Structure formats: structure tokens, C-alpha cells
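Please read through the structure below; I'll follow up with questions.
Lettered A, B and C in written order, each chain numbered from 1.
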Amino acid sequence: MEGKAGAAKTIRKDRRKTSFKGRFQVKKSFSLGQIAAHIDGKVDGNPSLVICGVASFDDASENELAFASGAKFVNRLHSSPAGAVIAPTNAPEGAKPLIRVQNPALAFARAAWLFVEEPPVTGIAKSAVIADDFVCGKEPSIGPGVVIGRGVRAGDRIRIGPNTVIGNNVTLGDGVCLNANVTIYHGCILGSRVIVHSGSVIGSDGFGYASDGLTLFKIPQTGIVQIGDDVEIGANNTIDRATFGKTLVGSGVKTDNLVHIAHNVTVGENAVLIAQAGVSGSTKIGRNAVLGGQAGIAGHLEIGDFAFVGPQAGIAKDVEAGAVVSGSPAMPHKLWLKVSRIISTLPQLRKQVGDMEKRLETLEGKAHGDGM
Amino acid sequence: MEGKAGAAKTIRKDRRKTSFKGRFQVKKSFSLGQIAAHIDGKVDGNPSLVICGVASFDDASENELAFASGAKFVNRLHSSPAGAVIAPTNAPEGAKPLIRVQNPALAFARAAWLFVEEPPVTGIAKSAVIADDFVCGKEPSIGPGVVIGRGVRAGDRIRIGPNTVIGNNVTLGDGVCLNANVTIYHGCILGSRVIVHSGSVIGSDGFGYASDGLTLFKIPQTGIVQIGDDVEIGANNTIDRATFGKTLVGSGVKTDNLVHIAHNVTVGENAVLIAQAGVSGSTKIGRNAVLGGQAGIAGHLEIGDFAFVGPQAGIAKDVEAGAVVSGSPAMPHKLWLKVSRIISTLPQLRKQVGDMEKRLETLEGKAHGDGM
Amino acid sequence: MEGKAGAAKTIRKDRRKTSFKGRFQVKKSFSLGQIAAHIDGKVDGNPSLVICGVASFDDASENELAFASGAKFVNRLHSSPAGAVIAPTNAPEGAKPLIRVQNPALAFARAAWLFVEEPPVTGIAKSAVIADDFVCGKEPSIGPGVVIGRGVRAGDRIRIGPNTVIGNNVTLGDGVCLNANVTIYHGCILGSRVIVHSGSVIGSDGFGYASDGLTLFKIPQTGIVQIGDDVEIGANNTIDRATFGKTLVGSGVKTDNLVHIAHNVTVGENAVLIAQAGVSGSTKIGRNAVLGGQAGIAGHLEIGDFAFVGPQAGIAKDVEAGAVVSGSPAMPHKLWLKVSRIISTLPQLRKQVGDMEKRLETLEGKAHGDGM
């Protein structure tokens, strides 16, 4: 988050003009002491200071709270325009009121939710088309144009955005939030508190065909997609149903936008898939693994737990647990850094080799001429 | 499919618990003999054996049918938990009942459809908004929230999922299946039995502008997209209409998810475009060509019939018919395999060259010192 | 556009058969003189010649207008089947009637719009679900199934396609055109004449989490997306809302299909983002910059004004204004051309180095043997 300060600065004036913030942050305030209690921090300054919102380090106003982590921000901690700053426990003292915590970014995220408007429960819109046998928990919010098929079961406090379509026999856990224009195919299972952003498609047919040598014959895709708890799926993702069994997305997984997950893939708990990454069929992504943006993973592979796959990497072999790999074809990231520096010097390398060859010929000629 | 066995094994227990299969596979059974007759195979074992479904090689139960192709599976044919296995004609004999066929994968796909539930014909949902002049064949299934514009003509037994939008003057062949939340722009033509998965957009404007040097002026995109018969389009694809004339997708083409096809592209019959591949404007993809996942093809090129473009390949020149190319920039695949092995050894190569240069200098110095 | 002639030629016959053009081009005609006056050109030939439409250079008929720019087309200007051709001011004279202009492509685009059907104003569809407080200018066209939230303000002559969803407090300028199945999240601001193609999602949550080392905690994304005037967003794009402040898309920007723009990104005026390009969080794209297809830009970078990033390039560092870069990792394009030629010759280079090493050993052996 801190790194965004530069970009944020450039749009600061515009932001002030539109004053849209009131729409998304509750117009209420907390004392620095109240916030510190909420995030298990220690106030360094006046605990009665009134805070009315949160903002980024360089863009906060005098009644807003920011945060600093990393030397870049901690070193200029007391120059932030913010009213107060969440800082590491060992941050230097100064004029600026602080809340000291172990993990400033996490504490800030928790503080930020204090100021976010809880959307109201809206009930079920008249224009939603819902099968008679829909089993739904308490306090649903189901928008206009939503279509829910037969045999669907949902937990409490689900939020379904307008024009989202839920196929037959889908199961949705408590607190599931499907934004507008989402599609969930029949039979898929979403755990509690799953968020799916607009345009994403869960449970489309896996890409499976048998060939007669010239034409392709569709293999029925009779499996499902099962998604664990606390998963967030970005916008315009595609997650295909399994041929048999399940495509599995573990609890805590977060996917960015335009991510592709093929049939029979398993994504381990808390894995992170950055925008436009793609995972081919039957591959297993380990828990807490990270796939960089536009990374591509071939089929039938194992990416180990806590592995880190760099952006645009092309993975054609298994990746060990904890490994950091980059490049296409992928290699250890440290090697890739060396290699990538050499790649741009290949013209010099080739010239150097050509020059050496001439010198070698000269030496050989002399050696021959000298009777060597 | 066989290759999926490993991943399938890991989720086996879960799958049993949910027992969702009954929802998607008809609860009926066939004798091994009946199935063999359907797929033109020869039974090796008891033809009266009752089969209740299909599953993958390592995940099938004793009343299910699996298949084996490739040495990996054929060698352990008789160890499958399946009740019977579809196997190559020359597979070894053993305890396991077999159906012997020429093409086990294809035969299995055909057998699998025996157990798949035929979706019922649902008629036209009340909440669909359809122009008066809609010409539609028999037995349509048109879901809630579907919008169909003026001048649309459709064949028999079309299936249109909820909230799908069909623009003016679209033509849909017999048996077309558009899943939920699909968009077909005006004037596009889809052949018989075309399947389009959710979120896909057919006929959006091509990316065409004329520049005055600073700003871009939109060129009207007055062409269409025409799609042949038996095409399947994955989820969240984008296929742009032509500037003039047609963007053409030939019969039998299969596209995976998140594939981009630009204006005026021609995709030849039976071509396969794997997930996240992109084809730039006016390029012609040959019949039965395969584009790997995340491959990118520049504009105005010809990719020959039966060509194979590797995953993440970047194609900036024509590709000959039958060629297998990889890399970015692309080269023959066999060369790419050599090159890609060398790339990760570039640091050693450079060091080797540096060491040789020193040795050369030493020799030159000696030669000079010796009066050479 | 000229470059499309080859592909267009191959589909010429088909096009004639379907004769769909009448649906999208108004059935009216103009004299060559009228068209020349409209596009500020000079007629070379009979100004009374009647023109009934526009088409591509090799595909036009005798009552259609084409254009030629670039030696490839200008050299065979008078062989076009078109009734007349828009040509550069210095094009050679000949039998073919011409309209001479400074910028043929731009003039042609302007002429083409003369023949395009203006869609009728349709009012607000009965099945649209619109909040009571909707403030809308004159002559709206709002399709069936559209959902518009509270606090939305729109200018004159907006066109909203079927099943598009507009969140609370969105602002739409005059002449905004949202095609079918678009999603605009709450609070976003679109300038005048913005076009958004189907399936695109504007304002989904930025991908922001704070980690406790194992699990990720969502950071509320309370900012918006603001889009300037005359922007066109392709199909199935994803543009995330800012964490705080705005994700900004400047006036005149054009994005192709499946483009990803992360939270807090700024895209400068008139920038062009080709299909499947992705921009990570807080990066700033300069005005009139071009990102090639499938290019990936890391976060917190600055891509200078008028910079050109090649297709599939991977950008991990700032790019200077006006620079042309390619490759992954990116380098100056001219260097990349050299490097990419060498990459495919690496096997020879390594063999050459190996051979030289042997020759060097021979020389060293001789030198040693000779007492050097």
C-alpha cells in the first residue's frame, strides 16, 4: 500500500473536488484510543484525538489515519499529513500521534473497516426469478433480475447482485457475496463468506475432447467446482467444472481479475493468483503459493506449498515447495535475474566470441607459420 | 484424461461424501454388451455386467466404466478399481472385463454420454423479453431474463440460458446452446449445435481507429461474426465483428476460456484455441491448427493448417502448415527446446567466454613476447 | 486497414451471398462531391459519381468508396474494384476517381460514418429496474433487464444495453453507450461519449490484502474508477476501483478486449491498450502511450508519454517518454530485434565457443610443449 503514495499524490486535488468518500465510508468518528483498542495497538500521543476516516500515507488529511511500514515510510513518519499514523512498534518517536502495532498493514486494514458502510439488507427483489424449492437462510439480499435454479440451498445473509445467475443444485455458504452479472453453473458449492466479482463464471465445462484425428468429440463434464471458505474471486475469472469429481479452490484463496482455472485443478488454501494467470487442467497448486500476473501453468503439474511463480512465467515442470521461479521456461528466480541481464547483452557476447575467433585464427596461423 | 488420475486420486474421498453425481448422470444402467454395441467395441469378459456410470481410471467404482490409453494406464489395466475398462484392441488380457476399441478415449467419451441427463425442454420463460418478429424452431428452452432483439431467426431445440442477450438480426442454427449471461451482438450468425459458455461476447466492435497523430477516431465496424457448425466457445471469450465482411470461426472449432479473436480473423475448421490465447486482426488460422494457452498471434498473418503453436508463444511471422513452433519470438519447437536449455546456462557461457578471453590474451602475450 | 485486404479477399464471395450490409449501413447514397466536402478533400474525377457505401480496398464494388494509404496500396490505386478511392494528396493520377486528402485513413473513417445507421432512441424498457431518484437527461435508450441503483445521474442520449447493471451513485456523461451485460460498480464516473463493450466490469474491488504471514485480510477498496470523455472500453475488460482515491482512465483512451487495469492505476489521455494487456496497481501510463497485446506492466511504475510497449513485453522498470521497448524483461526495441535473432542461434554460439575452447587448449598445449 505504501508504494501507492506516488500515484496517489498526483490525483490528490481531483479527489478533494469530488468528495465521494462520504458515500462509501460511514460518517462517523472514533478516538485514537478506541481504534487502538480495536486493533490491539498502543497509542503514542493523545488518545482522545478524533479520527474520521483512513487514507494513504501521503494523501491523508489531518483527521484521517494512515499507516507506515517499511523504511521508506517509517523514516518520514512524522511528515505525513495524516492526523495519526499506525506504525511499527519500534518506529521513532516524534510529533505525530502513533498507534504502535506488530503488523501496521494488517492493523490498518482492520481499522479501515471501522469506517466502511455496511450495506443494508434488501430482501429479495420482485424481478428475481427463483425456483420454488429455494432454501435460504436469514436476511438475504437478492437483487433484481437474479435467476436461481432448482435445488439451490443458501446460508444466512447472502448478497446476490443484479442479473446474477445461479444454476440448479448450487450450494452457497453463509455470507456469500456474488456481485452483479456473475454466473454459477449447476451443482457448484461455495463455502462461507465467498466473494465473487462481476463477470466471473464458476463451473463452465472443462475443455475436454476426444479426437478421431480430425474432429473433436466433446467429453461430458459431469463434475463440479467446490470453493472453500473466505475465498475472493476477482472479476471475469473462469473456473471450469471437473470432468469427474471436483475442481477445488481451497479456503482463503484470493484471485485477481481475468484468472483462468481449468478442470480438475486443485488450488491449495490461501494461494494467491494474480491477474491473468492461467492454470491448465488437473494441476495442483500448493497452499499459500503465489502465481504472478500472466503466469501460465501447464497441466498435470504440482506447484508446491509456498512456491512463488513470477509474473509471465511459463511453468512446464513441477515446482518445489517454497521455490521462487521466474521466466519462460521457468528457472530459479535468482538465476533468472542473472540470465535476464545477460540476454540483453547477447549482441556483445556474440561479437566478443567472433573477435576471439579471429584472434584464435591469427594465433593458429602464427603457430603454424612458426612450425608449431 | 488418463493424466488426470493423479489429481483425481487426491480428491477421491471428498467426492464420495458429496455424492453429487446422481444429479448430472441419469440413474440408469447398461450392460457391458449394450455399451460395447453403442461404441462399436468388443467385450472381453462378461457382457451382462451391469454398468451404472463412468469415471476416471483410478477413481471409478466397481459398477463404473473407465478407460485406458497410453502405456502408463494400459500396463496396469487390470488394477483399476473400475468394474470394466475400455482399452486398446491389443491390450493384455487379464481379470478385468474390457471393451476393446481402436480409440479408447473417443469410445469412452461416447459411452459417457449414455449416462448424462438430457436437460428438459423448458419453453420460453415469462420474463424473457423477445421481439414480436422472432422466428423460432420447435422445442426452444429460453431462460428468464433473456433478451432477443428484432429480426432474430433460430432453429429447433435451441437452449438460451438466463440473462443472455441476443441482438437484432442474429441467426442461430438448430440445437444452439447459449449458456447464461452470454452476449451476441446484432447480425451475427451461429451454425448448428454451437455451444457458447457464460460471459462470452460475440460480435463486439473490432478495435479499429484512424489517428490524426494525437487522438483516435473510431472506424465503424459494420461487419459480423459468423460461426460454423459444432463449434464450442469457452467462458469469457471475446470475438470481435469485422470492420467489413466477417470474422469467421469455422465448423468444429473449440475455444477454451478467455480467448480473444480480433476483427476479420478467420479460424479454420476444427482449430483449437487454448485458454487465454489471442489472435490479432485479419490473421488467418488454418484448419486443425492448435494455439497453446496464452499464445499471442500478431495481425495479418497466416498460421498454416495443422500447425501447432506452443503455450505463451509469440507469433510475429507466418507459420507453415504442419509446423510446430514455440517461444517468443517463435521458432521451431525442437530448436526452442535446445535454446531454452541453453538460456538458463547463459551465466556459465559468459563466464566460459570471459575465461577463454584471458587465456587468449595470455597466449597472445607469450606469442608477442616470444617474437611470434 | 489496408493490410486486411488479403484476408478480406478470401471471404469476398461469402460476403456477397449474405448481403447483410443493408442492415448496418443506411440505404442512402452521396455524390463523390458531397463526400469530399464532408471530409475536406479534393475530387479528382467526376464529382457527381454516386457512392452507396464504403468497403476495403480489394473488396469494394463499383458503387462503393475505398481508401489507400501506404505505397502498397497507392501503387496499385487505379486497380481497385472500388468506384472511387480516398488517396493521399500526392497519389498518381489515373482512371480511378479519387478524393485527395492529407490523411486517407482518417478521412475514410469519417466518410464511413455517413453510411452507418443511427440507432433509434428507444426510451426506457418496461423491465428495467431503476431507482426512483434516477436523474437522466433527454432521449435515453435503456434496454430490458437493465438495473440502475440509487443516486445515479446520467446525461443526454445515453444508450444502455440489455441486462447491464449500474451501481449506486454512478455518474454517466452525455452520449454514454454501455452495451449489453456491462457492470458498473457503485460510485464510478464515466465522461461523455464513453463506450463500454459487453462483459466489461468497471469498479470491481482492487486486489488488496494485508497478510498475517499465512492468511490474507481484505483491505476495503473505498475509491472509485473515473473515466474521461471519448473513451472506448473493449469487451470483458476489468478496471478495478482504487483503494483510496481513483483509478483514472484519461479522455480518449481506447482499450481492446480482455484488458486488465488494477486499482489506483492512471492511464493517460489517448493511451491505447491492446487486447489482454494488464497493468498492475498504482502504475501510471503516460498519455498517447501504447501497450501491445498481452503486455504486462508491474505495479508502481511510470510508463512515459508516447512510449510504445511491444506485445507480450514484461515491464518491471519505468519506461521513458517516447521509448519503444519489447521483450520480457523489456529492453529497447531495436536491441530486442538483435537479441531475438541471436536467441535462436544460441545452440550454434555454444558450439562455436566449445570448438574454440578445444582449439585454445590445443594452442596452449603446443605453447607448453614448445616451452612457451
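Annotations
Note that a contact is a pair of C-beta atoms (placed from the backbone, for glycine too) under 8 Å apart; a residue touches a chain by one contact, two chains touch by 3 or more.
In this text the structure is predicted, and so the values were computed from the model without any measurement.
Residues touching across the chain A-chain B interface largely differ between the two copies, under half of the numbers being common to both.
Between the two copies, chain A and chain C, the Cα superposition rotates by 120°, quoted to the nearest 5.
Centre-to-centre separation of chain A and chain B, using mean CA positions: 26 Å. For chain C, the set of residues that touch two or more other chains comprises 127, 145, 163, 181, 199, 236, 258, 276, 294, 312, 328, 343, 349, 353, 356, 360, 363, 367. Those residues of chain B that touch chain A in the complex are listed here as 1, 3-4, 6-8, 10-12, 14-15, 18, 20-21, 23-25, 54-56, 59, 103, 105-106, 108-110, 112-113, 115-116, 125, 127, 143-145, 161-163, 179-181, 195, 197-199, 230, 232, 234-236, 252, 254, 256-258, 270, 272, 274-276, 288, 293-294, 311-312, 328, 340, 343-344, 346-347, 349-350, 353, 356-357, 360, 363-364, 367, 372. The residues of chain A lying in touch with chain B in their complex are 127, 129, 145, 147, 151, 163, 165, 167-169, 181, 183, 185-187, 189, 199-201, 204-205, 207-212, 214-220, 222, 224, 226, 236-238, 240, 243-246, 248, 258, 260, 262, 264-266, 276, 278, 280-284, 294, 296, 298-300, 312, 314, 316, 327-329, 331, 335, 338-339, 342-343, 345, 349, 352-353, 356, 359-360, 363, 366-367, 370.
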